[in-house]
Every structure is written in structure tokens, then in C-alpha cells.
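Following this line, the structures themselves.
In the two complexes below, chain A is the common chain; its partner is chain B in one and chain C in the other.
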Partner chain A sequence: MKNKHKRWTFARKYCMLLKGLQLFYGGMILTKYRVLAGPEGYLPPAAACEGIALPDVGYALIEGREVPEQEALSAIVDKLLSAKRPFFFPGPNVLWEWKAGVAEKAAAVRKLADTAGARVIPMPDYRPKYPMINPAIEINPNHPNLTIWHNKIDVCVFVGVHCHYANMALKIIRGGTDCYTIAICGEAGHEDANITLRDAGIPQLEALTAMVAERRRLS
Partner chain B sequence: MPEQRVVTPEFLFTEAAREELFITGSEAVREAVRRGNVDMAISYPITPQSESMHLVGDIYAEGYVKDYYRGENEFAVMSSVAGAAMGGVRVFTATGGPGTMRALEMFPTWVGARLPIVCAFFTRGINSPLTIQPDTIEMAHMLDTGMIMLHAEDAQDLYDMILKAFIIAEQTEVHIPVGVFADGFFVTHTRDRVRVASPDLKLPPYKPYSAPVPVIDMENVPFRQMRDPFVMKSNYVSYAAHASWQQEVLAAAERARPFIRKYLGGLIEVENEHADILVLAGGTAVCQGREAIAMAREEGIEAGLIKIKSVRPFPSDELRALTANAKAVIVPEFNRVGWLSREVRNVVQNPDCVVPGPRVFGGMTMPPDLILAEIRRYARD
Partner chain C sequence: MTKPMLKMTAAFADVMPAEYVELVQSGPFGKGYGVADLGSFKELIEEHPLCAGCGLALAVRLIMASLPSPEDTVVVGSTGCSSLAFPQIALQNIHSLFGNQNAVATGLKRALTLRFPDKHKDVLVVAGDGATADIGLDMVLHSWFRGEKLATIMLDNEAYANTGGQESGMSPEGCVLNMAPTGKKFKKIALPEIARESGCAYVASVTPVQPRKLEKAVRRAILVAREVGPTYVQIFVPCPTNYKFKPQETLVKAKQKEKDQTYPLREFITPEAQSYLAAIEGGGKRD
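Coming up: the complex of A and B.
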């Protein structure tokens, strides 16, 4: 009984210490929310509303923690190569040749997916698909879970998806599936992904491809 | 079309030489829009906003704005600017009081559609019997539309905030509308010294292809709301899509915080922050608050001032930290409902320290003596 009481007291002190770590620092609460793979539950919060900030230029996020971009590239390679069923979800920004340079970026995405042994399912547009989507060939941001579940996807990569729809889908995936999400974003990144790059273009895609190929060669 | 040089926002806001003009708040709007590289402005007159959009029409005639027309009413105007923004142009409008209320449906629609519209609101009473007098009550109705809400203290703030609002609103990760609020008449119809950059300079153009939703896409929501409408479905998939959409809009406002800090120097401004009696205000009530703490200082009473520049997102963390040891947080307001004091009570550690007033309304001005009386009362306790 005495030991139990000691354990309880220690646990309480430990909890208070952890709470104390949520220090006020310059008036801001340091958050402990982590953007982990789900299923998180019925209605997971937007990570931005839990204090997760987008990475600065040259940086990335791993599960809500800001890291140098190179560290995130390495983590992406780890996830892709350890996945059972990795999939890429290219969106309209790389599926349609709407401006110069897009075809080259799309080719770099395809090469990365092929090198990593990942399959590709496109997100060609954002219209909700009723009465039913064909999840074997398409993913939609309004009900992405259907494609994840149908294909038993454990790691997915968003690339070329407009930011609003990517965040919308990433939250739904985190809420209802255990799929690990990666966003290769050409803009400011996505707090709602488990790993996000920002300002990512052909150089990051080629670097990932080279790292995957090298890792495969060594294994 | 006048010759203007595109410069970076940082240059226009901080580095460019400024000249001092003695102008009204409405004229400050004109000067901001002149330098804002605005593609389109649509107007509908309502006091005390009418003069500002009339003046924007004048600079359209001079070639500073590419397109301009008068809408049928406020609802039509706010719908039209939504169409313009969906088409990928930088757009500006203004309204106030009953005009704000008439157009209310459009504001959450702008937010949900991720439109970076900048709208100035010149506040006035909205009640019956009809009044055109100054009052900030319409801001209470705007708090949960999802828009970013900035509150200008004077014409200088109004000029700066409108220009900076374009840049904050158009960030890819933010990309929601910004309302720049100023107290009608007190700001719009009085002359003040306003320091402005050269009219030869203007902001860079809006980049619609960096928007978080496709520009002018007739096939997809939010542009095409009624095809394959998940709005009409009653199932979990539909609910989850709506919930995630709304959460993303909340997240967008959160992402505005660092840009408000960067461009406006913070969500608040503080004077004498270590005082245990604080006056907390927004808009022109800040001026009376500043005068009241100066009068208190002459009597040997130390009081501080917190100026709320951003109402949405609300400076919750900043206020929690600043008021942690406060004996009294006096919140003077130009409305009868006290919406700002309610907001403050919701975020501070000790809501009992919030003094909900003094308040004036119906067009009254606020003598600083009213605020001073509260400061004296808590200094005695």
C-alpha cells in the first residue's frame, strides 16, 4: 500500500513536471500536441489550432516538430522503404500541364514513386464523387478514407494537391485511418501531415529519388 | 494609367520615404488603395462609408484601379467581390453599420471559399430607431464569421492596415478575407496627420495561382457548390468533409498570427505593461484610454494601456500573460453589449479582474474622465 502510494505520488509529481514544461515562454504556451498517425478519433483537431506552426524556409515538420529539411528527407525515405503498401497521390498541380515546368515535376514524381516501389493513385480534381468513388483508381479529398481503406495503404504521399484540399484530406485520414501521411508541398507546407516539406520542387524530388536508390543499393 | 513602380511589401511598409498629409480617414482609404495595386473595387454607399468608396471611384478614373462599379446593394456588392476574388484578382470594398448586417451572409461565405478579399468596415449603430451615429456593435456580429478582423485606432492605422491586409490575406497558408474596422465618423470624417509612401510605389500584384483552392475553377467546390453536392448529403462522409473544411478555415486564421506580428508589430500594442491597473481597448477608445492613463499619471497613479489591433485572431496568449498580475483590466467600449470585455473575460486567468466598461453608445463620445474614474476607483482598492 505504501509503495503504491509512493508510486502515485511520483506519478503525480511527474505529471506536474510535464505540465510545468508547458511553460509560458514569451507569453506563448509551448504545445505538446504531436501530429501522429491515426486513427485519432471522431473529429481530430486542425494541428494549427493545437499550436503547430508551419516550418520556416529551409525547414520541415516531422510529426509537428520543426527539423532541417535534410532530416525530413531522410525520414521520408525511411517511411517509404519500410512501408508495406506506399502510395503517391498526385494532385491537379502536377497532373495537368498548366504552366511551364509542370511536366518535368510530374516526371520527377513518377520516377520517385517507381524507385520507391510505390503505386500511384491520382487526385485529378476535388469534386465529391457520388454515388460512389472507384477507390481502386482514384482518391478524393472529401472522402479520402475510402481509397486508403480499399487499397490498405499504410504510407501515402501528397504532391501537387492544392493546400486547402490537402489539409482537409489529411485531417480526415488522421482521424479515421492508421495511414502515415507525407506532404511534398510547393508552398508553405501542411501541419496536418505527419511529415511535410515546404517549397518543394524538382530538387527535393530528385534528392529523395537518389536517397531511395542509394538505400536500396546498400540493402 | 499612372506610372507606378512595384516594390516589395517590406519596402513599402517600412523603408520607403513617407510624406505627411493632413487628411480624413476616408482619404486615407483612398491613399492606401492607390498604392495597393488593386484590380477591382465595387461600392455601394452607406454612411459613414460612402465617401471612402466614392474616393476610390475617383482614383479609378485616374487609372489606379483597373475596374470599379456600383452594385445594387450591399449583398450584391459582397457577392460581386466574391466573384471577382474567385476569378483571381485583388479586390477591395467597404461598408458599415446596416450595410454590414445586410451583407452578413457573404462574410462566412468568403471565408469558406478562401477568398483574400479586403473590406473596410466603418462602424455605426445598427438599431431602430434608425441611427447613423458611431457605435462598434456590428463587430459583435462579425466575430464568428471566420474573417480576420483588424481594428484601426486612427487614420494612420487605417492606411497602414488596409495595405498590410492585402499581404496578410493573400498568403497561401492564410488566404481568407480581412476586415479592417474603423470607428465611423471619429476616424472617417476627421482630419489627422497621416504619413504615406510615395504614390509612385505600389504593392506587387496578387498571385492567384498560389491560392490554396484552384482559381476560377467552374467544376469544383467552392466555385461550383451545387454539382455532386456533398452539402446535400446526410451521411458521415459528408459530415467529415464539412467538419474538416471548417477546421481548415479556423487553421487559416491561426496561420495569420505570424504575419500580423511581422507586418503590424503584434496583435496588440502595450504601454506601461507592468502596471497592475490596465486599460484595454480597440479603435478610437484607445485614444481616450491613452489620455486617461496620462491624466492618472499626473495624479501619481500608474496605469497601463493595451491596444487590441487584431480582434480575430484574438491575442489570447498575449493577454493571458499580460494580465496575470493585474488588479483591474478596464475595458472601455463604444457599444452597449460589451463584446470586447466578453472576449477578454474568456481568455484571462482571472475573469473577475475584467471591468466591463465604461461604455457609451447612441453616438456619444467617451470623455477620458469616465475611464479615469475607474482607474481611480481601483487605485483606491
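Coming up: the complex of A and C.
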């Protein structure tokens, strides 16, 4: 199993390397796409189309680069504590108590946000909101940039937002704002975030909270 | 929408926008409300952006108040004025590509039947006259031919209202609209009769002038679709913007058409649906 996993990882990385190397006419310059904070301009590419693959189990992505989960946890703490206006955007998965265990996860997310001194703006559903949203109190995946601009948010954390809507919103944010995006994802991760965890549950949330508290205590 | 999904997690209850808090506190789920209770519960999450006096907006609210089990209902909509109101309703809803609504609803209904074999999950198609009788007519008819257990409701404003006023197959002969300046050259499509001949077990045409009648038709359509077969309800929803009358005249216009029979009210029920309805309606208002 382990060997198979290693072989798979090697093959995947080889493909990624080939995909990530872009040959430009004229200059013969080799580049690899990096998932950086924007503004990248109208209709930025999906990171997946630029060769960024989701992290393997036990790993995470920082700006499109695969790193061990622990490294990403430290990077998240750095970003949260150096932000001027950090915000958490919890989605339906943690806002609504739809199955057992959700309440505990939601409490762990809230504790992390409060410990980091971050404000919380919810994304209760994904409805298009006509005629307008109130960006002071809510975020909508169809125009997340409005909430980011209105609240001058420089670092945001997505948590509990379903895959497709998270990726769409993260891409719009990268396109139109300079906000740094973090995804604490319970599934396979979000390559469109600047930092993404995968399989993140209460252990990762508690680890982040402890790291933030410790850094605050020392500073 | 299942009831447990309407519980907020305690950790974030303090940051939820007011309309969601109201939805949890006074939504229609599991309460057995009807049109007579409108105003006492929350059937819309937020304000809708439709024009003042819009007959379609009124009909949408009446439909929402007529559902036998809102918590187990999914509305499939289509492009048009109603698609601007549907995101605001306190109900699961899917927006389908213009005209595809009955095909999308077919797949959804079949999937829900497989997933919840012991439960009624009502799939309700609600779309404009353009979506139902013109561009989506093939999907609508074939869902009826196949006997899909769907309730299809047409919001008949007799025009393509959302795109500025083109004639539809449901516009009355001779009518002049912004983009039909010489008047419509052929008759209004007789969709209730077509529905009856195409396999619908229950068919009705109603107006919002008589909310109780509308409620009864919508409930019957949904209940018959659960057990017997496809159903169709056509609701006349006057459009002040495209038919150029004052917003406060909407119900007057509907009443006028009811009275002079230019919008004939109909009810066709197959014998099988009739005996099913007799069995369930005998026992009181709610099933």
C-alpha cells in the first residue's frame, strides 16, 4: 500500500511538473503557476487548469505548493496573526446543525476565530441574492468580493463551504481583491485557496487554536 | 428541506442574518399552514425584486402557502421573472436552464424516489408561459407522456415578460406588446386541454382572485402527482409592466377575465384521480 502510494505520488508529481512548466514563445521562459493573492484580474484561471493538483493525504497546499500539513498550520497562524482585518467565512456545513458532530466542529471553528481575534461573517446558503446583499453581515459565493471590499478584509478563512461554491468564490476573490485566502477543508482541499488544508476536522482546528494562543502568549 | 437542517449551530447563531433567524422561528415547515395563514408565517426569506403589483409574485406567495409538506418539497424553476423571486422563497429550489424544467424535475423526482422510498418528496415545477408552452414544451409534453409523477404549474402572464414583452404562445390573439407591435396573429394555446389529452391525471386553470380555489388546485395537483400521475395547474398572473396597467389593477384585470370568460377556469380530473381525491379529502384539510 505504502509503495503504491509512493509510486502514485511520484507519477502525479511528474505529471504536475510537466503540466506546470509553461513554455512561452520567444523567451523560452519556464514558469510554474503560483496561487498568490490577487487581484489577478477579471476571470482568473482555475488553479487546477494551471496544473495545481489537490494535496495528498497528510499534506496541504501553500500557494499551490504541496507541503506537510504541519507547515501549512504554521503558515495559517502566521497569516492570521499578521493580518490587519482577518475574517472567518463559515458556510452551511457548520452554520446549520444538519447531522451529529456538526455542533462540536462549529464550536471549534468559532473558538479558533475568537482566539485569533478574527470577525465572523456567515455564508448561510448559496442563493443568488437579488436585488443586493448586505456585505456588512453576510457573504455570498456569487459575489464574495463585495463583502471583502466593504469590510477591507486582508485575510479570510473559508470553512464549511461546499466544494464547488468554495472554489468559485475563492477564484472570484483572487480575481478582484488582494485578500489572502485560507481554506480549512474537511474534504480534499481547495487548490484555488492561497493556503488549503485537507481532511481538516476538530484535531486540526484545536491544533490551530493552541498555536494561535501560544503565539499570542509569547508576543 | 428536512427539519433538522433548519437548526442553527449554537456557535454561530449570534452572527446569522435576521432573515434566517426568522425563518427558523416562523418558517412554514411542519406546521400545516394554508393561504388563510399568509402573513402569519415566513414564506419568503427576503423581499423579492419583482415589479409593484406583479400578479406572478402574488401567485408565488399563494403557491408557497398551499403546499401540503413544504419541508419535503423541491421547486424546479426556469428562467423568467419568477426566477428572480425563487431564490427568495423559504424552500429548496433548483433553477434549470430555460425550457429544461420538466426534464430536470424528472431526474430529480426519480432520484428522490430511489433515495427516499418510504417518503413522499414532492417535486413541483413552476415556470412561466414561455418556458412551459413554448421553449420547454417538448420537455413538458414528454414528461406527461411518460407519466412522470410531477406537478407542473404555469405562471401565465401571457408574455415573455422578463425579456421586455414578446408574445408567447399563451398570449391572446390580437394582443399588442412592446415587441409584438402588430398584434399576435394566432390563438392562445389550449394547454389545459392538451394536458388532459397528454396523460395528466389532474388539470386546473385558476387565478389569484380566488386564493382558496388556487390553494385547492395546487394541493390537489401535488397530492395526485404523489400517487396517480402527472398534473398541471395554469395560473393567470396579470403583468402590469408589459400589459401597461396600474399596479393596483392586477386583481381587477384577473377578475374581469374570469367574469367575461376570456380566461376560462377549468378542472379536469381522471376517474382514478377523482376516487383518490375523494378518499383523502373526505378526512379533513391536511393529509
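Heads up, the rule we're going with is that the second predicted complex is superposed on the first by the 188 of 219 C-alpha atoms of A that agree within 3 Å, B and C clash if a C-alpha of one lies under 4 Å from a C-alpha of the other, contacts with A are read in each partner's own complex, and residues count from 1 in each chain.
Note that a contact is a pair of C-beta atoms (placed from the backbone, for glycine too) under 8 Å apart; a residue touches a chain by one contact, two chains touch by 3 or more.
Keep in mind that what you see is a predicted model, and the values were worked out from it rather than measured.
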{"item": "If touched residues of chain A are counted for chain B and for chain C, the larger one", "value": "B"}
{"item": "Partner chain(s) touched by A:172 [first = chain B, second = chain C, both, neither]", "value": "first"}
{"item": "Which of chain B and chain C A:53 touches, first, second, both or neither", "value": "first"}
{"item": "First, second, both or neither for A:129, with chain B first and chain C second", "value": "both"}
{"item": "Which of chain B and chain C A:109 touches, first, second, both or neither", "value": "second"}
{"item": "Chain B/chain C common contact set on chain A", "value": "99, 127-130"}
{"item": "Partner chain B, residues of chain A touching it in the complex", "value": "24, 27-29, 43, 45-49, 53-54, 92, 99, 125-130, 141-143, 145-146, 162-165, 167-169, 171-172, 175-176, 187-189, 191-192"}
{"item": "For the chain A and chain C complex, residues of the former touching the latter", "value": "90, 94-99, 102-103, 106-107, 109-110, 120-122, 124, 127-131, 134, 137-138"}
{"item": "Residue numbers on chain B that touch chain A, as the complex places them", "value": "114, 171-173, 175, 209-214, 219-221, 224, 227-230, 233, 237-238, 240-241, 243-245, 247-248, 250-252, 254-255, 258, 317-318, 320-322"}
{"item": "In the complex with chain A, residue positions of chain C that touch it", "value": "2, 4-12, 15-17, 20, 45-46, 48-49, 84, 87-88"}
